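One structure follows; several queries about it will come next.
All chains are identified by letter, namely A, B and C, in their written order; residue positions are counted from 1 within each chain.
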Amino acid sequence: MLTRRQLLWTGAGIGLAGVLAACGNGGQTGPAAVSASGSAAEQPRTGGTLRVGALGRVSAVTRDPHGTQTNESDYLIISLLYDTLTVPGETTNTAPRLAGAWKASEDLKTWRFTIADGASFHDGTPVTAEDVVWSLKRLRATPAGASRLPGIQPSGITAEDAKTVVLVSDYPNADLPLLTRLTTFVLKKDTKDDALATAPGTGPFKLDWFRDGNARLVRNENWYGGKVFLDAIEVRIFESPQAMANALLAGQIDVASNVGAVAARTAESRPDIQILRRPNDMAMPIVMRTADGPFADPRIREALRLAVDREAMVKQVLSGYGTVANDVLGTGDPAYAKDLPQRTRDLAKAKSLLAEAGFDLSKTYDLVTTEDISGLAESATLFATQVGEAGVKINVVKQDSAVFWDKTWLKAPLYTTYWGTNDSVVFFASKTMLSDAGQNESGWKEPSFDEAYREAMATADAAKRSEALRKLQQIEYEKSGYLLWGMADGIDLAGSAVRGLPKLPGYGRVQLEKAWLAR
Amino acid sequence: MTTAFPHRSPDQRELHGALDQIASGRSRRRRALRAAPALALVLLALAGPLLAPHPIDRPLVAPFAAPDATAMLGGDLLGRDVLSRFLAGGGPLVLNALAIAALVTAAAALLGVLAALRPGLGRWVERTADLAILVPAVLGIMLIALAWQDGGRLAVAAAAIVLGIPYATRVVAAAATPVATAGYIETAAASGERLWYLIVREVLPNLRATLLALFGLRFVEAVYVVSVAAFLQLGPQPPTADWALMIRENSPGIMLNPLAVAAPALAIGVLALSVNLAADALIPRTGTTTEVPL
Amino acid sequence: MWSGAETRVDGKPRADGEARSAEKPRFVLIAGHVVWSALRRLAVLAVLLGVVFAAVELLPGDAASSTSERGESAADLAARRTALGLDRPLAERFWDWMTALPTGDLGTSARGEPVTRLLAGPFPNTLLLGGLALAVSLAGALALGSWAALRPGGRTDRGIAVVATMAFALPEFVVAIALLLVLSLRLGWLPAVTLIGSDGAPASWSMLLLPLLALAVPQIGWNTRIVRAALADQAALPHVSAAIIDGLPRHRILTHHLLPGALPAIAVGVATSAGMLLGGAVVVETLFNYPGVGAVLAGAIADRDTPVVAGVVAATGGAISVVLLLADLVRARTVGVRL
C-alpha cells in the first residue's frame, strides 16, 4: 500500500526534459490544471492556509533531515523547513537554492559552491560555510552516506571562506551538482541529535507544530529565495492513497500529493478538482538477470522486450496516465536518446529469437514482485499474460517487501523493481549498470558500457559529452537486463483555488514555496 | 477456582434430553428449506468457473470501466471482467472457509471434551483462551502469514485455525462439562471404559447443538479472517480471482465501478448468513423453545 | 435460531449460593478474587509479550534491513544491526524490555523514536474509538436482544437473528467502505477521513462517527447474539417461568429477572468483543486515516520493529485485560466467588 525505499537520496532528480515532455504530450487534463501549475496570467495573492495530504506511515516517522526517509510526508515537511544546496529546476536540471552558484575546476574533480546572499536560519543567524560543511559531513557519516555522496570522502568536504564550500571528488564528475539536490539539508553547526525536532532551518516555512507525522508550518517572512505567498501550510499524513483521495474529494484537504491514476480517473467527473500530471515520474522496469540463469542469453531478453505490449501496459496498468518507454532508464534527462527506434510488439520475432536461443518453453518461470507501489504487482500480472502469448510461461510471485529487498533484489533471475528519480541517464548507469555498481540489479557486466560511461564523465565539452551519452544509451538499449515498458505520471489532485503548484516529477513536487490560493 | 467449568444441575440435564426428543420430530422439509440457500450458494461458487463468460486473466475493458453489454459487472483494476472473476472467485474462498470451520470445530470438539473429562487440561484450555483473547486478530494473521512466506492461502488458514481453536475449545468444554459429569458417564469411567470410547460414544453425541452452532460461527470467523488477511495483502495473491482479494484490490476504484467491490462483498455476507441458517436448521431445538413468552 | 454456544464461555452461572456459604464478608472475597484475577491477567499478558518477541524474531528479515535504504553495504547493515542491539540474544533483549516496562519505558523504535512518544497520540485515540464502539455496540445489543426476547420465536426474534448474523458476518472494511461511499462521498454528510489538531486528537467529533459505526455494526451483531442467548437461558429457569406465569409485567420481568441473571454471560461476551474491536481497528483506521495504534502496529510488523509491536500489544492487551477484569468483577458480584 505504501512506497518503501523511495530513493529520495539517490542523488539524481528531476529536470528539464520532464517539463518539456509535459508540454509535448498535453500532460494535463482540463482547463483547471493549467491554473494549478501556475501558467495562467493571474496575480499571485498573499494569504491563506494550504492543506496538503502526503503519504506516510506513522510508525516510520522520522524528524532527522539526514535519516532514512520512507515517508513522503516527512520529506515534504523537512523540505519546507530546510534547504538543500541545489534543487531540481524547471529550466535547468539543477537550480540554485542555498548554494547561489557553483563552479568546477578544469579536471572536473573540485567543485566550489557559494552560499546564496542573505541566507539565514529561522532564528536570524546567517548561514556560514561551516554550517554547510558540518551538515554535509553529518550526511556523509550516515549508514548510506557513501551512496548519498558518491565519490566524495569526508575529508573532501571543506570550507574555503565564510561563503564558499569546496567538494572534492575521487574521480572527474561533470554531474556533481546533481548529487547536491534532494539530500543536502543544511542545519546549524553542532545541532544535537535530540534537538532535531526544534532545530531551526533556512527554508521558506517555519515550524508551528508537529504531531505524529502531521505538521503546521508558517511563512518565513525573511526567506532569501523570494516572496512566499501562503500564510501557512498544513501537512497531513495518509496511510493510503485511497484515504487521501477521499479526503480531497470530500474537501478536507486542498492538495493530494502523488495520489495516483485511479484517484485521477475518479476526479475526472468533478469540475471542481484539478488534476495535475507530472510525466516521467516513476519507472517500473522488469529486471532480467544477465549474469546467469535462464535470461543470460541477450536474445532471450530481446525476445521478452518484443513480446510485451507496451501500449496495453500503459493503458491497463496505469489507466493511461503514463507514456510508453524504450528500455533505457532516465527518460526525463535532456540527454535521453529519443532517436533510438521505439521497440514495439513483435510476437513472431520474439518466438523465433526464443527458438534460436534454445529457450526452454516447457518450464514455468517465477516473476517476483511486491506491492510497494501501486501498479507494480499489476504490471507483473499483465506482463505474464502478455508474454504467455509468445509461449513463455510465467508465474507471478508477490513477496512481502522486507523479504523482497532481503532475498530477491539483486539476486533473482526475474523481478520487478522501481525508481522514483528519472531525469538522469548517468545516474542509472553509475548506480545500476556499471560492472562494479553496488546496485547492479541484473548482474550486468559490459566493458564497452563501462568505457562509454567513463568517457562521458570525464568530458567537459557539452557536444562531445552528449555524443558519449548517446553511445552509452545505445549499448543499454541493446544489451542491458532491463525491460522498461513505460513511465508512470506523477499525479496530484488539487482544489479549484490552488495555484502555483510544482510541475516537476519525482521529488520536485515538494517545492510548494510558490503556491498560492485564489480565494 | 476449583473447576474451570461449573456443572449444570441434574434437572436441567433431563430437560435437555426431553427437548432433544421433541426436536427430532420437527419437520424435515422446513429444515431442508433453510439449508437450501447455503447449498445453492456453495454449488454456485463451485460451478462458477464453468459459467464465466470471459477469461479471468485478460483485460477486456478499461480499468474500472462501468458495466456495459460486454462486461455486465464492469471491469476491475486491470480491466478484466468482474463478472467472470466473481464467478470464479467464490470456490476457493468457500472451500477454504469450510475447511477452516470444520477443522476448528473438530479440534475444539476433541480438546473440549478432553478438557471436560480431565479438569487439569481444562485449566490449560482456560489459560490459552485467556491469552488468545488478548491477541489482536490482525497481529496473529500477520505474524503467521509473514513467517510462512510461501504459505499463501494455507498460511492464512493456519492463522485462522490457530487463533480460533482456543476460544472454540472453551465453548465446547463449557458445554461438555455437565455432560461429562453426568452420572452415567462417571459410572462408565469408573468401570474402566477407555477415554476415546467415552468421548466418541458418550459425550460428543450430546453436544450436537453446540457443535453445529459453533461450526456456523467458525465459518463466519473463517470468512472474516480470510477477508481481513486479503485486505492486509496476505493469503491469496494476485492474479488469483478470489472474493476477498477482489474487495481489496478493487476498492481504490469504488467510485468508478462500485460493483467490482459490492458484488464480492455482498456475496461474502450472504454466504456467511446462509451457512449460519443452514447450521441453525440442523440444530436440535434447545434454548428458545423452552422460553415462555413474556 | 439462537444458540447458547457463545454464552457458555464461562459455564452456566448458577445462583445456588455455593460461594456465599463462605464465612468471610462478601466484599473481602470479591476483592481477593479481583486481585487474584488481576495477577493472573498480568501473567498472561507477560507470556503474550514473550510470544510476540519470539514471533517477530521468526519473521524473515529484521529491523536493520527493513529500515535501511537502497545502497547500504553489508558493513553498513551490520553496523545498523549492532546499533539497534539486534546482535544480542533474544532472551536478553526481552528481559531488558520487560524490566524497563514497569517504569513506563517501552524502548526505542528502529528509527530511533521512543515508543512511548510514538504511542502517546495514537493510543488514546484508539482507546477513545474502541471505548465508544464498545459502548455503542453494548447498548445496541442490549436493546435488540431484549426486543427479540419479548416474543421468543416470533417474527421480530427471527428477523433480528438474521440481521445480527449478517452484521457479524460482514468484515469491518466492507461496512466501512459502504458507509464511506454513501454517507460521505455521495451524500457529503460526514467527513471522509479523520484529521488531527495540534493536540493529536481528532479535530472534530463528526470525524469519529464513520469509524465508530464501521467498528460497532459487526460487534452489535455479535453481542446481540450473546445477549439474546443469555436471556433465553435465563428465561428457561424455573423462577423466571414462575414469574411469567404469575403475570408480572413484561418489562419488569426483563429488568428484574432476565437481565440481572444474564449479566455475567453478557459481560464475558462484551469483553470478548473488546478484543475483536481492537483487531478490527487496524483495518478501519487505515480506511478512515484514523490516527490510532492500528496503523502503528501494521507498520511496525512490516518493519520487524519488535519494541514497537510489543509496545502496542502491551498497551492494547492491558486495555483488554482491564475490560476482562471488569467482566470478572461483574460475575463475582452476581454469581458469587468460587475459591
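Convention: a contact is a pair of C-beta atoms (placed from the backbone, for glycine too) under 8 Å apart; a residue touches a chain by one contact, two chains touch by 3 or more.
Fair warning: this is a prediction, and the values are worked out from it, not measured in the lab.
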item: Closest chain to the centre of mass proxy, which here is the mean CA position; value: C
item: A-C against B-C, pair bridged by the larger set of C-beta contacts; value: B-C
item: For subunit A paired with subunit B, centre-to-centre distance based on mean C-alpha positions, whole Å; value: 47
item: Approximate Å spacing (C-alpha centroids) for the pair subunit A, subunit C; value: 42
item: Whole-Å gap separating subunit B and subunit C, where each centre is the average of the chain's CA atoms; value: 21
item: Overlap residues in subunit A, where contacts from two or more other chains coincide; value: 1, 242, 249, 400, 403
item: Shared interface positions of subunit B, touching two or more other chains; value: 146, 149, 251, 255
item: Residues of subunit C engaged with two or more neighbouring chains; value: 59-60, 185, 297-298
item: Of all residues in subunit C, those that touch subunit B in their complex; value: 1-6, 8-14, 16, 40-41, 44-45, 47-48, 51-52, 55-56, 58-60, 149-154, 157, 162, 165-166, 168-174, 177-178, 181, 185, 229, 232-233, 235-236, 240-241, 244-245, 250, 253-254, 271-272, 275-276, 278-283, 294, 297-298, 301, 309, 313, 316-317, 320-321, 324, 338-339
item: Subunit B contact footprint on subunit A (complex, rising order); value: 1, 241-242, 245, 249, 260, 262-263, 265-266, 312, 315-317, 319-320, 371, 374, 377-378, 381-382, 384-385, 396-400, 403
item: Subunit C to subunit A touching residues, read off their complex; value: 59-61, 65-73, 76-77, 79-80, 109, 111-113, 118, 121-122, 180, 184-185, 188, 191-193, 195-196, 198-200, 285-289, 291, 295-300, 302-305, 308
item: In the complex with subunit C, residue positions of subunit A that touch it; value: 1, 5, 7, 9-10, 57-62, 64, 67-68, 70, 143-144, 146-148, 208-209, 211-212, 214, 216, 236, 238-240, 242-244, 246-247, 249-250, 252-253, 400-403, 405-407, 431, 438-439
item: Subunit B - residues contacting subunit A, complex; value: 57-59, 62-64, 77-79, 146, 149, 233, 237-239, 251-253, 255-256
